[in-house]
Each structure stands twice: as structure tokens, then as C-alpha cells.
Amino acid sequence: MIFQIILLIMLAYVVGFIYFGLYRNITARIQGRYGPTVYQSFYDSIKLFSKNNTVSYGWMFYLGPVIMATGAVLTLVLVPVFSDSDFLRSVTSQGNLFVLLYLMVLGPLGNALAVGTGGNPFGVMGVVRGLTRLIGLELPFYIAVVGLIIAANSSDIVHIIDLQKTAGLNIINHPLLFIGAMISMVGFFGASPFDIPGAPQEVYSGPRTEFSGKFLALLMSQGSLFAFAKLVLIVDLFLGGADSLVMLVLKTFTIFVAIIFIGIVYGRYKVEQAVDFLMKLPTLIAVLGLARIVWFG
Amino acid sequence: MAIDVKGVLSPLSAIGTLFEHPRTLTYPEVKKDIPIGYRGFHINNLETCVGCASCEEICMNDAIDMIHPDKEYNVKNTSGCIPRIDYGRCCWCSLCTDVCPPGSLKLDNICTHADCDPDNFLYMPKNHKNIGEEAS
Amino acid sequence: MDLASKLEKLSLQLVQKQDYLYSVTVGFERLESLLLSFLNEFGYITLDSINCRDDLEDGFFTITYCLQTKDRDHVVMVQTKIQRENASLPTMHTIWPQAEIMEREMHEMFGVDFPGHPTLIDFALEYWDNMPPLRRDFDTLEYVNSMNPFREQRGDALDAKEEMKKKREAKKAAKLKAQQEAEAKAALEAKNNPSDEVKNEE
Amino acid sequence: MESGFYGSSTDGSLKCKFEESGLANTHDIMEKAVRWFRSRSIFVVAYGTGCGAIEMPPTFTSRYDAERMGVVGVATPRQADLIILSGYLAYKTLRRVIRTYEQMQKPRYIMTLGSCPINGGMYWDSYNTIKKLDDYLPIDVSVTGCMPRPEAVIDGFVLLQERIRNGEKAGWEKYDENFEFYKENQKRVLGGHIDPSYETDWYNLKSGGKA
Amino acid sequence: MKNNLKNTIKIFHGPQHPGITGNMSVELDLLGETIKRAQTHVGYLHRGFEKLVERRTVVQAFTIVCRICVPEPDPNEENFARAVENLAGLEISEKAKYIRTMVLEMQRLATMFLWMGGQAGSIGLGLIPQWSVCDRDYMLDLFEELTGGRVYHMYAFPGGVRRDLPEGFLDKLSDLLDYYEKRIIVYNNTFFDNVIFKKRAIGVGVVNRDEVLKNGYVGQTMRACGIQKDVRKDMPYLMYDKLDFDIPIQQDGDVYARAIVRRDEMLQSIRILRQIIKQMPKEGDILQKIPKHRKFKLPADDTYVQTESARGAMSYYMAGDGSEKIRRMQVRGPSLVHAYTLLEKLLVDSELADVAMTMNSLGICPPEIER
């Protein structure tokens, strides 16, 4: 069990970082350049782990990245990676979607506490922006998830995956929910136009402004773990899960590339504009999808 | 709620460049050929340099020193000195090359120099006649 | 030109300097009223720049106000002279908002005072305690040498003129020496075989 | 450890170097590996102190693309390894630069662009710029030029990477050792006002006149 | 006014900040993310050019002026050269005039591409700077060939220009213009029509039209308010009275209007360059015979010249005193008023997210404010 979890975390770490490398590469190609090697993110994180850290604002400051990493690891463990195998079945069956939704908010909250002790105005501003944006992001995503729960009559992810094998993929059955969830997923990934908390032209690096060295590396690692978990979650919910590593990579990568493309061609909203947009369009789409499920099954 | 359809869709055309060849010059491997007229580092044809110090006089940055060379290259050199340029001062305006009476001082198209010691930026112009040649 | 006749009434002379450039010189006491009439009566609504020239030898600053109409097709320079010592000018920031920053700069760079100006604070310099730097009697090289050392490796630089003189003298000396040597040699040769000389003479 | 992963890096130089040098000591290997990673990943905070700021965009964007060497721009000094001082430094800027530099986490490096930080450059007789930056801050790499072309900047990066990889003495170590010397010089030229003081109440000056 | 600032926090936006155009800082009082007061600080780049020029002869001073504004050095050279020509009474040949006009327009295009990168970068659209800075680089390659310098050209000398056109240069320029025309369509699709850019830019940083002329705002700030004024048309210099071009205007006066004006000006620059390529004389002197270094003396007179730079009218005041040195040279660029009088006003009650965008859109260039 423990071994499996460690294996899973390592897999997510590697895949997450390679995805991040691919993200940088694809972005670079669209921008007309070669970009770094795919492994660049590993180099970055290893270098950051070897850096000194002389910034200190008390233990709460250090706890922030740890809480974020905890949220990411727990999310990862609770999301069923492979649909058919018994791999991690016993853990994932204990958690259902509600736990996941809670865990996805844990990280930002922990970060907020840490950055608050840091006292850097840009960090605080970034956190406030992040939490404000979270309100907008969660709404369409939660509505979509609730729709799926009603449709599957269960909040167990494994059950939702299994159901898709007989009833067809959710992306085809409930396209409106998918669109709503995808738009908010773009935001969860911190891609444009929702990359507001860490906008360098406005608030330096936002919540990360004061973090350096090992803690920045931890934040980067948890980011890649979390990204992988979120991709797997979307694949599980809408694309019927994956039964092999190849399928997993293929499906997650498709979603990932779609997010990259959206992120690269649009600029950045202001925070009220983002919330305004998220409250209107994706929420509306998701509500329509929900209504369709409620009234037409 | 009016949706700007063109504004949403037309930026997506940028994705088409994904499969275009990158425009990057991978510099240390592939070097861009810098045109001959580029104002790079100095070269000085010591066989014709007359040591007149015109370059020293016109340089507004006080970047040029006249010093003795290791051996005598030109018997007609009036002062026995040749210019040495401080690259902590030079601005590559090429006024010195414009006034050089025998036209011995020129600017090469080689122009990159990075060093870890800031004391290493006193530059003896390479001794060759034409731009682009290897130093003799 | 229309402006010229208007200015003539005020017994001022408009001089055309370039194609699109005119200038008028006015005494300091009439400056403020003239600028106001330029703005209100002649329609020169834009203040393009204020600038100060230090005429150290004559002991005054020459202040130039560059004005433009809303057609922006020519510039009129209104020039006046003020004493260098305790220089003071009326502030224009209530009329032209942009004058505030120009005057702030002039205060810092020339030490001109503007009574009634709200923000005569640092513009570009920080903790500056020397003479205003753009005055002509401020020697920037001297200031630099007192503050900053330069690199020391260039001590072996030679004065080319000296070297030229030296070389010329050396050459002369060498020539003289060569001549003397040649003479001595010739004399020696002549001593050694006088028969040749005799032959030559023949 | 993940030796295959090291070997699969683009240039594979680390593995070759291990075999060449035949190091038995694990500690040395670890240190070498860390140095290699440091050289492959340089986070830059580009402080546009002068004209050189104009050559930063071409260096970091698609024409010269410094990112392919692992050189990435970041926003805050806390995360940065390298600060690029691109040109002459006014006294006012030097105060901020010292503060920025001291906010960076070790190991940290400085790279200067242009001839001005070396010996005054074309502003050698200006009353508001400093002439010898290495009196006030330890410089790791100087790149000459006015302005240095992006090629020259990349040459500087290559030199810096080599120095990191070879474990040569870096500027921050010199700064720690000769801290008194640097501080004394800074105090001499900045007159004791080293940290930017935010004491001047700009607004009350303004509102005192207007409101 | 004081009560308003009771709960504000004070931050320094700059000098080291990705969202600032160069090395300057804006001191902001924030209530939440709303700016209650803004104060510009400059001086991080002050070099005392006006003092340095006084110490140098005319020939020596010519090389230093292009450093005054880093993103676009050529209007400075042009201003300096023209001021010296005015004072010394030099007349330059037609070919030199054409070449100088060409260099100015090339520089305008290059600066616009750099601006576009900054403007798009300020809203987090990282794609556009990557493209446009590279496109600008192609123009710099041509500059390398023509002038020998990449950024600082030191080309327009009092009395003409320093070098003749290299062989085949005009063809290369023509090819590049074709490429630029295609690129501007791409930028139109990806940037100017981008829904996010519109959403962010429309209605932000609106300049009051009544203040424009009186407060001395110039360039695109003026033209985006519907005032059709341009130094190239109103006080034509060099060959501009013989060239056919329009002055694009917009009415809204916000960031988006200024962006559109700039885009249209790029197209106009391309149009001007095409005409220059056609009309460029084959023969002619490029440099007037001028006295040597120490003998180039300016009379005791003064002059004031204006050039339309890519960000607005840039003016030089120059006075000689009968010696070989310049008595006084004053630079008045467009940024001074924009960065102080205008920016401090525009930022109040806007948001932190708008600072970078507004600054970029006003074309503020710190080295030119403080010289």
C-alpha cells in the first residue's frame, strides 16, 4: 500500500514535470523558438533544493508550502489513476468526490496563511486575488460535478468511471458540463486568462514572491503533482478513466494541450473580470447541463 | 451578454505556428554572419600605423592610450607608440577610425567578449589589414 | 505675421529664427504678464518646454519658454534674463500643469527658486549636497575624481606628443651620430690609405 | 540514483565527465552534480539599470531564446540566481541594486553588460554614475560592448555556466569574505544612505501646497 | 484627502519590476487594489547628458546623444544634427535627407514592434512579445548593415549621414516591408482583435480631451483623443513635405484607441518607406564637407528643433557660444509630461492591474525623462 502510494507519487512527479516541460516546449514552439529541454523543470527543482534559504517569517511561513503539498498528495492518492486495475483501489474507494473538492481548496488556504505571515504586500495581494478567483472557479466546476453525481446517482469516482463503460463517455452524454468544468480547469491550472494571482506585471510572483530555495521547489513539485491529479480527475470524470499507462498519457495529454492552447493565445483578465466571466458563461453552461440532467435524465 | 466571436476565435489562429520552424538563432552553435561594416572590436594595421595619436585626441571617452609595442613594426611611426583601447570606456562610435590619417585603425565585425575579471578589458587591437582576416 | 503686430503694440520685437521658429525677448518684470497674454489673447495654449541657459560670463541665466498654438505649426520662444545670484522666477504651474515638473527639474539642476511652487523636491538626484550640477561653474570631472576611483591598469599610458618629440630628438641624435661616425670613418679611411685620395684627386 | 536520467540529458556531459575523471568519492559526485544542475538552471532577474535593458528582450525572446540554455527570467530577486545589471549605475540605482542583491539567496551571481560598469564607459565624467562597479558589488561576469549584442550576452551566460560547473570562486563568496571592504566602499560613495529610505513624505509636500 | 489614505498600503511599483517600462518607479497608495494616489519617481537613470555635452566638442557630442532614449535613438540624432545644422548654417543634400527620413521611419517601425511587445506583455499575453521583438530584430539587422550599429546607430551626422547605402539595401528593406505587412495582419488577429485585450483596454486610462493641448500631451496620446496633429505634417522637416501619408486618429482616448493609432501608424510608416524606396536618388553627396573636430565652431545663437518620434514630439533646444563646444543643449521628450502630469492623474482610482498597461500605452521611456 505505502509502496504503491510512493510509486504513484513518483509517477506523478515525473509525469507532472515532464508535462510542465512539454508545456514550456509547446509554448516555445508556438512562440517561434526552441524552448528548454523537456527535463528543464527537473533541473530547476533540483537546483532550488540545493539553494540556501535565509528568509524566515516563523514556522507558519514554512508550513504553507507543506500544507499545499499535503493537499496535492492527498488529492493524488484519492483519484483513481487506472480504472480497471486494483492499483490503489482500497484508498480511492474510501474517498469520493466531496472529499476531493474539499482537498482542492486546502492548498490555497494553507498558502494564504503562510503568505499572510510573510507580510509582503505583493504576496498578500496575490493570495487575495487567488481566493477571489477561487470563488469564480469553483462554481462552474462544482455544478458540473454535482450534475455528474446526480446522473451517476453516486459520488464515488470509481462508480462514475464504471458507469461510463456501459452508458458511454460523459463528454458525449453531458457536453455542457464538460465545457463548464474545462473552463474552470483552465483556471485551476493557472493558465491565461485566469493566471491572476501570480501576474508578474502586477504583483511580482504573487503568493510566491517571498518563497525561495527549497520552499519554492516544494511549491513547484506540488504544482506538478497537483496538475497531474487534476488531469487524471478530469479524465476519470469525463473521458471514462484510463486502463493503461498509454491511455492515461494520451487522454491527459489531450486535455493538457487544450489547456495550453487556451492559455497561450489569450491575455490575462483582471480579477473582477475573471470572476464576472466565470460566474456568467461557464456557470450558465454548467447550469444548463445540470438542468438537462435534472429534467431530461 | 454579447460575445465577441471574432475576438474569441481569431487569436486561436496563432496555434497554427506550432509546426512552423522556430526562428531562433541557436547562438553558440550557429553564428549569425555580422556584416562587414559592423562596428565591432578594433584592428590596427601596425605596418601603417604612424602613432599620431589622432585617435587618442578625438576620443571623448578618454579610452585610448598610446603605448610602446613589443617591437617596431613601422619605421615611419612618428612617436613609436600604438593605440591601446580600454573596453571599459569605448562606445564603438568609430570616430577614432574616421580620423585615422593612414586608415590603419579599423573596426572588425567580431564583437563579443565576456570575462570574469573586470581588469581584463584593456584591449590591444589585433594586427591585421582587412576586416574578417585572421590575425597574423 | 499677425503676432508680430500684436507684439509691436507691446513694443516687443518678434524675430524669425528658422522656418517654424520665432523668438521674442522680454524683460524679467514683464515676463509673467506677457506669458499670460500669450496664453489668453494670442492663443498659445501649449507650453512645450521651459529651459535655462547658464551665461556664466555675463552673470545671468537665460530662460526660454517655448510656446505653441493649438495648430502646432510653429514655436515661439519667449526669452528673458535673470540674475544668476539668488535666481528666482514666478511659477507657472497654476496656468500650465506641466510647468510644475519642468520647474522642479530646473530648481534641481540650476538652483532657480520658484516661490509658491508646491513640490520643489528631488527630481532625479538623491541626497545631493553639492552645487546644482548644470551650472557651468560645477566641474563634473573634478567631482567624479573626488568620488570615484578609475581603474589603475592604465598607468603605462604615454603622452604621444612627448614620445614624438623624444623620437624626433633621438632620430636627430642618431642622425648626428651617424653623420659623425661617417665623418670619423671617412677621416679614418683617409688616414689609412691616403693614396686613394690622391688617386681621386687625380 | 537515477543515473539513466542524468545520462539522458541533452548534452550528456555529466555522465561523460564522471567516467573521465573516475571520481570515487560520492560526495564529490554529488557536489559536481549539484553544480551541474546549477549551471543548467539559472533564474535571472534582469535589472535594467541602463541602456542594456534594450538587449534583454531580444536575448530572452524568440530570436536568441536564452531559455534553451536554462536561463529563465523571474520576477523577484528572492527566486533569482543571477542578477543582470545592464549598464551604468546611477547612485540612486546602486542603492536599490545593493538591496536587491542582498535579497537574493545564495548562491547568487552578478553579470554586468556594457563598458560602463567596468570603467565608467562613455559616462566616465558624469557626476551621477559610478565608474567601477566591482568596488561595490562582486562581479562574476562582465560583458563589454555598447550595447553588447545578444550574442555577447549569451557568451556571458556560457562563461558563467562554465564557471559554476568548474566550481570556481563565485562573487558571493568574495562578498562574504570581504564584506567590510564592500560596505566601506558603498558607504563612501553613497554617503551612508545605503538602504533606500522612504522617509520623504511626498504627498504631504504636495497636498500642503494644494489642498 | 488625508482621510482617504488612512487604510492604504504604500507600495513601490518599480524600479525592478516586470511591469514597469524601464528603470523608474511609481509610488502607489493602494486601498485593496485600487490606487488612491500615485507619485512618479525618476532619477535611476540620470546621467547628466546636458552636462556631458557641454564638455565635448560638436563632433564628440554627436555620438552621445543617441543614448538619451534607449528604445529609439534616431530621433535624438536627427534632432541633434538638425540643431547643429541650423546653428552652423549647413545645408544637406537631397540624398542625405532621404536616407535620414528612411532611418527615422525604420526606427519608428522598430520602436512600435517593441512597444507592441510591452503592451501585450503587460496583460500577460506572452506570445506577442516573443514574436514582435523578433520582428523588430529583423529591422535591427538592416540597421547593422546600413549604419554599423545594432541599437545605437550614430548615423545622422551634422551635415548628412556617415555612410552611403550598401548595395542591395533597398531591396532588402522592401522585402522586409512585405513581411511586415503580412505580420501586421497576424498581430491584428492575435492581439488587436483579442477579446481579452479589448476587455482590458477599452475604457482604461482615458485621457481628457480638453486637457491634451494645454498640458502638452503629444504623440499617440493626443491623436487617440481625435486631435490630428503631427510634427511631420505641421512643421515638416527633411523630406516629409514631399511624401504622402495620413495621420491616423481615434476618438476614445483610452488604451485601446492608442493601440489602434499605433497600429495604423505602422502601416503609414510602411507606406512612407515604400515611397522613399521609389524616390531615393541614385547619386548625391551623403556628407557635407564640415570643419574638423576642433575647428567646428557654433555661433552664439540658439535654436529649437522638433522631431516626431514614435511616442510624440521630441524637441531639442541648442545654444552655441562661438566656441567649438555647445553652450547648452536641452532635451524635452514626450515622456516627461506623460510620466508625471498625465500618469499621476490617470492612475488615481484605477487598479494595480492597469498600471503596466497605462504606462506602456503612454510610451513612457525613463532614460529620456531624466537624461
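We call the chains A, B, C, D and E, going by the order they appear; numbering starts again at 1 in every chain.
The working rule: contacts are C-beta pairs under 8 Å (C-beta built on N, C-alpha and C of every residue); 3 or more make two chains touch, one makes a residue touch a chain.
As the structure is a computational prediction, the values presented were derived from the model and not from experiment.
The remaining chains, considered with chain B omitted and nothing else moved, are all joined by touching into one piece. With respect to chain C, maximal separation of chain centres occurs for A (centres as means of Cα atoms). Interface comparison, A-D against A-B: more C-beta pairs in contact at A-D. Seen from the Cα centre of chain B, the chain whose own Cα centre is farthest off is A. For the pair chain A and chain E, the distance between C-alpha centroids works out to 43 Å. Here the CA centre of chain B is 30 Å from the CA centre of chain C. Remark: chain A and chain C have CA centroids separated by 63 Å (rounded to whole angstrom). Chain D and chain E have centres, each the mean of its CA atoms, that are 29 Å apart.
Among the residues of chain A, those touching two or more other chains are numbered 28, 30-34, 200, 204, 264-266. Shared interface positions of chain C, i.e. residues touching 2 or more other chains, are given as 122, 124-126, 133, 138, 140-141, 151. The set of chain D residues touching two or more other chains comprises 61-63, 65, 68, 75, 92, 118-120, 122, 124-128, 132, 146, 149, 202, 206.
By the definition of touch given earlier, these chain pairs are in contact: A-B, A-D, A-E, B-C, B-D, B-E, C-D, C-E, D-E. Against chain E, the residues of chain B that register as touching in their complex are 4, 6-8, 10-11, 13-14, 23, 34-35, 37-39, 57-58, 60, 91-95, 98-99, 107. Looking at the complex, you find that chain E touches chain A at residues 9, 11, 17-19, 30, 32-33, 120-127, 130-131, 134, 190, 194-197, 199-200, 351-356.
Interface residues of chain E facing chain C in the complex, by the touch rule stated above, are 42-43, 46, 48, 50-52, 54-55, 86, 213-216, 229, 231, 234-235, 301-306, 313, 315, 317, 319, 327-328, 330, 332, 336-337, 340-341, 370.
By the touch criterion stated above, chain A contacts chain B in their complex at residues 26, 28-30, 32-34, 261, 264-266, 280-281. Partner chain E is touched in their complex by these residues of chain A: 27, 30-33, 121-122, 125, 128-129, 192-193, 195, 199-204, 264-271, 273.
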